[in-house]
C-alpha cells in the first residue's frame, strides 16, 4: 500500500505531499520526474493541516500545496522551520455568484460565503473588502478572520464553509469566494467572477504557492531538481494552467526572495498572534 | 357442533441435524372439543401436547390438516382475522411468557387493554384477579422478582382476564403447591360451570384431570392414542401408556416391582379386587372373606372419585388355608373382578 | 456432622414499591441436612423454597445468619473459594436456565468441562446421561427446539453430570409426565443409595416426597414451620398447612366439602378409621363390622406406603341400625382410631 | 490561553450550538431511525409483518447510504435541504443532513436491540389478539427499552463527534470551534478547551443514559 | 466516464486499500473494543467482577475519547503512531488511529450486547463452579454471539465510512479516491463509481453478517 513509508531517505523515493493529486499537473509531473530518473511518490492529503507536520517529521520530503502565508502561520504556531525552495504560481481568488452579474447588485444584509481555512479566509475577506461588501477593522491584514469584520459598516454577512463546499452552496448565498481549484470543476467559468484579487500585484507575493521542505534539506540537489522540472516542464505547466482554467500566474521567484517574504510574514504573524 | 375440531392435523419442524428427517411434533390428529368441555390432554414429555394447543389458536401454522374454531376454519386464515378469534381464546403458557418490562398489574391488564376495556373496568377486573391468585401484595412487582409459582399465577390471571370463551391451559398448575392448585382448579371449574368456558388443559398431574376434566386425550409420539370420558379412560385405560399415567392417581393392579415390596411385608396371597361405580357392594365382598374365616388386610390401592363417580382397585393380602381362599375368591369373583397378583 | 447446616438464616429483598418494607423471602431458618439425606422442601408458592436453596450454594448472599456446607462457612466466603465448593454441588433450576446457544449435548457437557474432565470422559458420560434422560435423539437440538419436559430433563442431566456430592433440585420434575418423573426419581434414589449423594429436593408434588425423601421441611412465609422424617410428617402432620399438603397424597379425614359429596351418594354413617404401620389388623376391623351385621363400603381413602412403612385412613359408609353401628364402632375404636365425620 | 479568553463569547455560543444540533438531530434522526429500525425488525422473515421484498429493499437502501463519506453525503443532500428547510448551509442544514445520515445508523441499532426481545412474549401478546402495531408499541419497544436507551446513548455520543463537521457547511458548535480556532490555527489550548467541554457533555449524557437503562432493566 | 476508465488502476488499488484498512481496523479495533467492552460489562455493579472504580474509570475514559472530532483525534495520536508504527501519515497511521477510536465505540456495542444475556444462564454457570473468565468465554460471549455479529456488522459499515477520512493524513482507499478524483474535481461519475463499490462491499458484508447472525440465533 502507498503512503506508509518509514522515513524519508530510507529509500530513494522522494515523497511529496500535495492536496488534490487529481489535478492534471501532477500526472505530468510524475512522468517528467521519472524521465529525469527521479522516483517520486505523491502523497495526497485532503486536510491542509497535515502535510506540514508530516514534512517536519520527515515522513514527507517536500510538500507543495500552500502559499507563504499559510507556511508562516504553521512555522510560527508550531515553532518549526520549514522553508520554501521554489515557487509555482499565484492563483487569483474570485467571488462568484449564480444570482448576480455585478457586485453592486448584491443587496444589503445578504450572505456571502468564504473558505473556512485561515489563510484563504483572510485573503477572501480582503477580496470582499476591496469589492466594497465589507469593512474590516483597522483595514484588514492577511490574518483577518470573521471576527475582524466591522458588521455595522458592512453591507453583507459572511459565513465560512469548507472550501470544497463553497461552490455547492452557491444557491444558499448571494455570492461565494471559491478557491481556484474548484471553479472550473464546479461548472463555473473564471470569467464569471464578479470580483477577484490581482495576482500580478507585488503585494500578492505572499500568496505565491511554494515547494517547502525542512531547513536542513533546503540545498538537497534532488529536491531543487524537482522544483526546476516543475517550473520548466511544458506538460506540467500546461496542466497547471488547465487546472486553474488559465487563471494561474506561474511565477519563478528566487529562493532568497521567497525566504525574505516568509521571514517578513512570519514576523507579522508572530505579532498578530501575540 | 364442536367448538374446536381438528381434522388430520400434522405439524412438523425441520430437523436440527442438517438433512435429518423432519420432527413430526403432531401427527395426523383428529379431535373434537365440545363447547363446555373441560378437555384434558396428557402424555409423555415431548408427545406434542404444547404444539397441539399452539395450533388451536394458530400461534403456529399447521403443516397439514384443518382446524376449526367456533365453526370457522383458522388454518389458512389471515393473521388479521385470527386476531378477532384470539380475543375469545385465553392461553396459559407452559413457560409463562410474562412481559418482563411490565408489573404484575400491567401484565394482567394487558389483554383487557387489547380487548378495548375501559380504564375503570380494567382496574376493577385486575384487582379481582390479583385477589383471586393471591398476588395483591405483588401488584407492583416485576416478573423477575417473583417466585416460579407466582409467575405462573400471573399467567393464569392474565389468561382469565378477558373471560375468554375458550381457555388453553398448558401445564397451568405445574409450579403451584397443592393447595394453590386446588384453588385454581376450583376457579376453572367455576368458570366452566357458570360461564360455560371451554377449557383445554394440558397436565401431567393426573389429579388435575381427575378433579376437573370431563374428557381426556392421551398423546404419544405426536398422536392421540386414546381419548374419551375421563371416567372411562381412568377406570379402564385401553392403552398401556394410558394405564401407566392413570396409575399415578388410580392405584390399579400393582406392578411387579410393587408386588415384590408387598410380598416382603405381607404373607398370604395378594389379590386385587376391582370395583366400579354401581358395581359390587364392598361389604358383601368383605363379608364373603370374613365368613370364610380368612384374615385379610388392605395393602394397596383405594377408592377414587371422578366427576362424582367412584371406582377403585383394592389389593388385599389374604391369609388362610389355600382351599378356603380359593373358595372365597371364587365367590367374590362373581361380584367383582379379581386379579391374583402373587 | 451435618453436610449442610443453616443457622438463623435470613434473606430479604428490597421492596418493589419505593419505601416499602423489604420482602423477607427466607426468615431466620435453621436447618441441618445430614450427608446421605434426601431432604424434601415443600410449601406454598412464594414461601421461600427456591431462595433457600440458592443460598445453600451461595448464588445469592444471605442477609444474615450462617450457612455451612461440608463444615465450611460459605456465608462471607470469597467467590473464588466458593467455586471449589460449587464443583461438588449440582443444581437443577426451577426455570431450567439452559444455555440457549449450546446444543443439548454441549449443555450437559458444560459442567464436566468446568470440572476439567477429559474429552473422552465427557463424551462417554454425556452419552450415558442422554440415554438416561431419553434425549439421545435430541443431542444436537438447541433448547428452544425442545418441549418443556425435555428442557427440564436436560437440566437434570446437566446437574447430575459431574456426580456431585450434593444435589439441589428445585422442582426437578414439575414439567415431567408421571412415568418420566418416576424414572427420574428412581435415578435420584439410586445415586443417593449407591453413591451417597445428598439430595435437597423442592417439590409441590407430594408423591415425590413420598417416594424418595427421607426428611421433609415445610415452609410458609419464609419460615420452616415443620420438619422431620417424612413418615412422621405425612402420617401425622402437626401443622394445618402441612396437613393440607399431605392430604393430596394421603387421603386422611375427608374435608367438609368432600363429606358433603360423599353424603350425597351414600347413606348410612360415614366414619374414618386410621391405621398405622404395625397397628390394628384390618381384617379384625372388617370382621367386627361384618359380625355386627352391618353393610359397609369403603368410600374414600386408601393405604399409603412411605419408605416401606404403611399407613392409611379408610373412610367407610356404614348402613345399619344406629345402635348396632355404635356398638360396632366402640368395638373397632379399641383397635384403631375412629373419627365419625357424618 | 489569552486567545481562549478572547474567544470566550464564541466558545459559549459554540457550546450552545452543539447542544442544539445534537439535541435536534437526536430527536429527528432518532425518530426516523426508530421508524426504519422498526421496519427492519418487523419485516424480517418470521417477524410480525414479515415481508421479504420490503425488508430487502430497506436493508439495501440503508446500506447504500451509511457508508457514503459524510462530506460527499452532505454535498449530495444540500439541494434536498434547500428544498425542505430553505437553506443548504449552516447549523440547520447540518442537522438536516446529519438527521438523515444518523437515522440510517440508528435504524441498525434499533433493529439489533429489538431482536433481543424474546419470541415468547410476542407470542403471548399475539395469543391475546393484539395486532402487530400494538405489539410493537406495547410489548416489543418496552421490553427492549433498556438496551434501546443504551443504544441511543451510544448514538448521542457519536452525534457529538459527527457535529464537528458542521464547520464544513458554515455551521458552528464546539467541534467546528475546535477545528477553526484550535486545530487549523495550531492552538492546542483552544482545541482542548473545546474538546474538554464536549467530553463533559458526553459524560453527563452517558451517566444519564446508564442510569436510565439501569432503572429500566433493574440490573 | 473516460476519466474513470483512465483512473481504473488507481481505482482498484483504492478498492484494495479500503478492504485492507477496514479489515485490519476491524481486527485490531474489534479486538480491543471487545476487551474494553468486556471490562465494562464485567466490572459494572452486580456483574461478574463488579468493581466500581475500574468501571467508572473505563467508562469515563471511553467517553473521553469517543466524542473527540476524528480529525483532531488523528492529529493527537499521530506522535503516538510515529512511536509505535514509525509513521504518522498514510494508511497504516490511519489504521492505527481508527483502531483506537473504533475500539472505544465498539466497546459500547459489545457492552450493550453482553447485557442482553439473561442472568439465569450466568447463574447456572456459577452454580457449576465456573469462574468469571470462563463464564465470559463459554457462556456470555456465545449467548450474545448473534447480536454481537450484528453489532460488528454495524461497526464494519461505520468503519468503511470512517476510512474515507484517510485522505486527511495522506492515506488512500475508495473514500479518498472519491474525494480526490471525484468530488473535489466535480466528476460525479468517479464519485459515484467509488461510492457504489463501497456500497457493494457493504452490502456483501451486511448480508454475510445478517446470515451469520440468523444462523447463530436461529431466527
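Think of it as A, B, C, D and E in the order they're written, each chain with its own count starting at 1.
Heads up, the rule we're going with is that contacts are C-beta pairs under 8 Å (C-beta built on N, C-alpha and C of every residue); 3 or more make two chains touch, one makes a residue touch a chain.
A quick map from chain label to UniProt name: B, C = Methionine ABC transporter ATP-binding protein; D, E = ABC transporter permease.
Computed from a prediction, not measured in an experiment: that's the story for all the values here.
Between the contact lists of chain B and chain D (ABC transporter permease), the overlap is empty.
Chain centres were defined as the mean of their Cα atoms; on that basis the chain farthest from chain B turns out to be A. Between the Cα centres of chain B and chain C there is a gap of 21 Å.
In whole angstrom, the spacing between the mean C-alpha positions of chain D (ABC transporter permease) and chain E (ABC transporter permease) is 17.
Between the Cα centres of chain A and chain C there is a gap of 88 Å. Centre-to-centre separation of chain A and chain E (ABC transporter permease), using mean CA positions: 35 Å.
Multi-chain contact residues of chain A (touching two or more other chains): 49, 164. Within chain B, contacts with two or more other chains are made by residues 95, 142. Residue positions of chain D (ABC transporter permease) with contacts to 2 or more other chains are 71, 75, 183. Working note: touching chain pairs come out as A-D, A-E, B-C, B-D, C-E, D-E. The residues of chain B lying in touch with chain D (ABC transporter permease) in their complex are 57, 59, 79-80, 83-87, 89-91, 93, 95, 97-102, 110-111, 113-115, 142, 144, 158, 162. Of all residues in chain D (ABC transporter permease), only 3, 10, 71, 74-75, 78-79, 82, 87-90, 93, 167-170, 180, 183-187 touch chain A in the complex they form. Put simply, chain C touches chain B in their complex at residues 13, 16-17, 23, 42-47, 49-51, 94-95, 103, 138, 140-142, 145-150, 152-153, 171, 174-181, 204-207, 241, 244-245, 247-248, 251, 261, 264-265, 281-284, 286-287, 289-291, 294-303, 305, 308, 310, 312, 314.
Of all residues in chain D (ABC transporter permease), those touching chain B in their complex are 120-121, 123-132, 134, 138-139, 142-143, 145, 216, 218.
Chain E (ABC transporter permease) meets chain D (ABC transporter permease) in the complex at residues 46, 59-60, 63-64, 66-72, 75, 105, 108-109, 111-113, 115-116, 119, 146-147, 150-151, 153-154, 157-158, 160-161, 164-165, 175, 178-179, 182-183, 191, 195, 198-199, 201-203, 206, 210, 217, 219.
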